[in-house]
Amino acid sequence: MFFASDNTSGVPQQVLDGLARANDGFAPGYGNDPMTLALRDRIRAVFDAPQAEVFLVTTGSAANALAIASHCPPWGAVFCHELAHINVDECGAPEFFTNGAKLVPLHGAHAKLTAHTLEHALGGAGKGGVHQVQPALLSLTNLTECGTRYTMAELRALCDTAKLRDLPVHLDGARFANALVAEGCSPAEQSWQAGVDVLSLGGTKNGLLGVEAVVMFDPAQAWEFQMRRKRGGHLLSKNRYLAAQMLAWLQDDLWLRLAAHANAMAARLEDGLHKHPDAQLLFNRGGNMLFVTLPRAIHARLQAAGAQYYLWPDSAVLDGPADTPVTGRLVTSWSTTTEHVDAFLAALSTA
Amino acid sequence: MFFASDNTSGVPQQVLDGLARANDGFAPGYGNDPMTLALRDRIRAVFDAPQAEVFLVTTGSAANALAIASHCPPWGAVFCHELAHINVDECGAPEFFTNGAKLVPLHGAHAKLTAHTLEHALGGAGKGGVHQVQPALLSLTNLTECGTRYTMAELRALCDTAKLRDLPVHLDGARFANALVAEGCSPAEQSWQAGVDVLSLGGTKNGLLGVEAVVMFDPAQAWEFQMRRKRGGHLLSKNRYLAAQMLAWLQDDLWLRLAAHANAMAARLEDGLHKHPDAQLLFNRGGNMLFVTLPRAIHARLQAAGAQYYLWPDSAVLDGPADTPVTGRLVTSWSTTTEHVDAFLAALSTA
Amino acid sequence: MFFASDNTSGVPQQVLDGLARANDGFAPGYGNDPMTLALRDRIRAVFDAPQAEVFLVTTGSAANALAIASHCPPWGAVFCHELAHINVDECGAPEFFTNGAKLVPLHGAHAKLTAHTLEHALGGAGKGGVHQVQPALLSLTNLTECGTRYTMAELRALCDTAKLRDLPVHLDGARFANALVAEGCSPAEQSWQAGVDVLSLGGTKNGLLGVEAVVMFDPAQAWEFQMRRKRGGHLLSKNRYLAAQMLAWLQDDLWLRLAAHANAMAARLEDGLHKHPDAQLLFNRGGNMLFVTLPRAIHARLQAAGAQYYLWPDSAVLDGPADTPVTGRLVTSWSTTTEHVDAFLAALSTA
Amino acid sequence: MFFASDNTSGVPQQVLDGLARANDGFAPGYGNDPMTLALRDRIRAVFDAPQAEVFLVTTGSAANALAIASHCPPWGAVFCHELAHINVDECGAPEFFTNGAKLVPLHGAHAKLTAHTLEHALGGAGKGGVHQVQPALLSLTNLTECGTRYTMAELRALCDTAKLRDLPVHLDGARFANALVAEGCSPAEQSWQAGVDVLSLGGTKNGLLGVEAVVMFDPAQAWEFQMRRKRGGHLLSKNRYLAAQMLAWLQDDLWLRLAAHANAMAARLEDGLHKHPDAQLLFNRGGNMLFVTLPRAIHARLQAAGAQYYLWPDSAVLDGPADTPVTGRLVTSWSTTTEHVDAFLAALSTA
């Protein structure tokens, strides 16, 4: 009953097979190998973006921080949701890579920003001239930290608002595939066609060992990105093993099938929770994450029975009055099975 | 009618006389001169802090950023009010000097933090371990950005709360003297006795050409501070001219008299505004700053008549419906005269 | 005929098998998994260092820069050889991670420092007080950039000299295993027993997909390292796949056998080159790297025949007079075969 | 007998008078005052550079580091002489402000670079692509750290060489005026006409309390400079007091007369030293600095007699065999008198 995070899952056999295929003698280092080139072309095709540049790193924090630093000067302001991963879960990686740019945390129900909120925030921003950091970038997350999903219209409205102030848009797509299959749109629609300039395309949470692609739809910052990647220690000499993973993942839409499965498991779990008299689901499920409020004592019994998941927010604890409502975060993955879900629901029914 | 800021004022003759006295032939550079030593001893006496180390810089941003960087690692969180100067008016200087630490902006009426707010913020902070910046420092401002003032009890409560989490406390005292004479306490009471570890003691807004002293009540970080000051380009070779200004300023309590005068002018202005039917004063005046709401048209006429002051917040504008209430910020200084105040009030009465 | 770098090789089957073993359902993220713990214990045993802390990253630049930053303040000086990888091949990664510390490049024949050179450099270093960066760290490389090797006595003398100024010692061990088997000493002897405080233990060049371990023999900086690793984007969520590679590599001394094989192939190549009338070998071979001077035309013919290797230094070119002596760098790896070597020598004999 | 540095001198009365004139009531802050504007126009006229932008700071380290950071990315290489102030006496300020760019220290007799040395250094620089910092800037110093002076032809040749690789040129002109009057050329000839793009125009060593102007002949980086200045804590609110000093200094060629006097005092000192049998002068005097080798015992007696100057290099000491030749650095200033010089020479004759 592993629902702590989709990054606690392993990887599908196809990905290991991809590694084995890549392990074919010598290959040029540092991304100058045929597989890295093939992956770039594959992603260009998948995203219908023939000019895009593609760079691989091994963590989402690196992808986000490098993408942001390549689009924001040290005196820039990055507008994001206050719950965004870049703001609360990366130990200041964006500030480190940008040399001290400022994240401007914005409110928004369900971890979603609205064009109106952004417009308001941009209203006075940077108007004090040299005394203030200058608006530089909008960073969105989809799926969001609350597991909700932006509609295409919402995404476009946010990007349009940013563009009115000449801000480029970064999308943290750690769960891009989960959002994509849930929304039923194309990769292009959910990225550059909506106005996204640079995408952190997450692979790790959706079945890779540790690969994230930064897709730059506007290649103007590509050289700067490469310098930052190298001096950030994120250019792997045997880059082919990263490319091989992602090639296997894109093959025959495996990435979409993995994400669809994770979403389906979350739906099954949601159905079960709906039927429980003490469970209250928060937020509209956008993909493979659920937030459910239960009496504290039930959480305690579930976890005693072996269910693994985080309470939410971080400050929530299992100690305290049994009746107090406490929220748990449940994440499904490509490797979650119906047995896992049903075991959890069974444990809940007896908890 | 100059009420834009206390830093638009000049300097009293005694300060220029101090410079002339310092201009006496050769002297060792970089703070190794007798006047710098004398100033250190003078500040130790004034603050009743014989162990304190004292370092001079020429701007408040430098004082704040260097003080903060000497007490906060790059992965640290600095808790401050969302309106704090360090958060909104220094173009990211703290982030630059700390190499990307994170300012955590907290809410609080009248630009004041409460111990309760701080306690709540500290509750879950950094509990995610390596994923999150770690609580490192509390930074307070007194007078605040809204011109309000902390009572000794409020200061102590905040510092006590910080100390429970082993956080040192920085005080941005750009208007320390204004707060001091208004509160009627001693420099020690308003700083280290309340729990402040490092103070930015502002001189510029209270009559100096450009001198701020960083007073480290705990000298443990003194060497680090000096390295940071030097590599920040803030160690002046002819440091005696900074020390001379502040020595003249401390002589015969000049600094307190200057601040008391500024406060008295603000009080006179406040009295006049109280009598105006359309004027609404915001916040309790703590020293030499006032925030007054007037119909927009009155602001327009005042400024047309030569009154100089900023609208508040930065995004406020003079264009728009005449009746809309708009807030102006009025700051008095050591060089504001009763004639200046009365001229402003006369202009208001006819506006 | 791939002699460009040992990082152009693939990985042995045992490493892929290790990945497959790790791919066993769910596991806690971010290094809180059993394999990461097992690897730490394994490295402690291998190095006879029960207190050591071990952290994994995916590149040598990350290992070096994070290790250095955890032992050097922004105003520190890092003494290293002028040819050191950290100085010439990491695009400023150490400067980035330290927030602007200064590498002090020292001369030394064959890319080796001597205790005397270090002593001389330390003589006046930092004596200007606050005006100068302060000696903070010695960083050595073994095997060196010229493929030479420090003897145990040389290592100890350098570390002893550093310790006289209270400097900790970092060892860039990208080719640690190659040096180890050539020197015939124990891991402990070649590291902490000689005076090394923190080691970048290279795996990638010796058969891993992309894993380097930072081994901190003094764990005092371990927490700081972890914060820096996270905010540098170098903490992998699925850390087990890094640990699994290195566990497989340490199993049954595989890492030593791989390195010994690479060294043996270099020895075979060296033997062949010795016999060639136009070839002049530079430096004493320390492990798996050779530098050979040949008439330019011979290089051109070798490369036309398919031999892959770099000219040295970077500025050397194939264009120019045919007779000019030009140096080539030849690196063997665990996957170099006698056929590869003999094919190269055959090509040389006809070139 | 103060010959330690020209920054141990005071300031001429005209500069204090300038401050008094500036102390005329209220003025807009942060450089938006009439005196700052007047100074900009004055410098444009003096340098015959109507497009130049001019910004004031209070230290040479700030001027240099901000100028460099505005022309060099974090992954840039700054070519400079190994003895340059930016390389050895600013505690890493350039590395801090650039976020870790690399200074490339070049050799050169008498602290002067040659076009040939630069050309050679640029030859292979950055050719390793993403693995290496990229050539970004040439930084020269005139007068040099050895008190020598570039001829116009030498300056032009260096700038021309830099421009062939598209590198902009920074000139550290802490003693620009001393070089100017010695060379007998115009400010334009010694700066932009020779190829200098950005100049640190030193005032402090030549009679100001603490003012350096950054003169950007190409204003393209002016906005970036202002952001960096602010977040570096180097934008003074009462900027008029900096402008006033420099206006007084430029008035009636005071700055040139001060520098010419300092140079004349150095010439007088040089004449006296030439006549001493044990004194050996190093380097060709370019302005107001001398380096003289004397038996150690004579240094000891001179300093015992009250002569103040530094031994050179920093590691030189007064302890040791009496006969050993030791070098001293003697710097004259605008306030050095013939009596000071003659007293020194008298002390020398009896030492």
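Per-chain residue numbering starts at 1, and chain names A, B, C and D are given in the order in which the chains are listed.
One rule holds for everything that comes next: a residue touches a chain if its C-beta (ideal position, glycine included) is under 8 Å from a C-beta of that chain, and two chains touch if they have at least 3 such contacts.
Just so it is clear, the structure is predicted and the values come from calculations on it, not from any experiment.
Participant: Treat each pair of touching chains as one step and give the shortest count from chain A to chain D.
Facilitator: Graph distance in the chain contact network comes out at 1.
Participant: As a test of understanding: of all chains, whose mean C-alpha position lies farthest from that of chain A?
Facilitator: D
Participant: Sort out for me whether B-D or A-B is joined by the greater number of C-beta contact pairs.
Facilitator: Counting C-beta pairs in contact, B-D comes out ahead.
Participant: Whole-Å distance, chain A centre to chain B centre, using C-alpha means?
Facilitator: 41
Participant: Report the inter-centroid distance (CA atoms only) between chain B and chain D in whole Å.
Facilitator: The answer is 34 Å.
Participant: Which chain D residues sit where two or more other chains touch them?
Facilitator: Answer for chain D, listing residues that touch two or more other chains: 74-75, 90-92, 95-96, 99-100, 130-131, 227, 230-231, 235.
Participant: Which residues of chain B touch chain C in their complex?
Facilitator: By the definition above, chain B touches chain C via 30, 73-75, 99-100, 130-131, 134, 224, 226-231, 235.
Participant: List the residues on chain A that touch chain C in their complex, please.
Facilitator: Contact set of chain A toward chain C: 2, 4-5, 7-11, 16, 19-20, 22-29, 57-63, 65-66, 90-93, 96-97, 204-205, 209-210, 227, 230-238, 241-242, 308, 335.
Participant: For a test of understanding, state which residues of chain C touch chain D in their complex under the given definition.
Facilitator: Residue list for chain C touching chain D: 74-75, 88-92, 95-96, 98-103, 123-124, 127-128, 130-133, 313-315.
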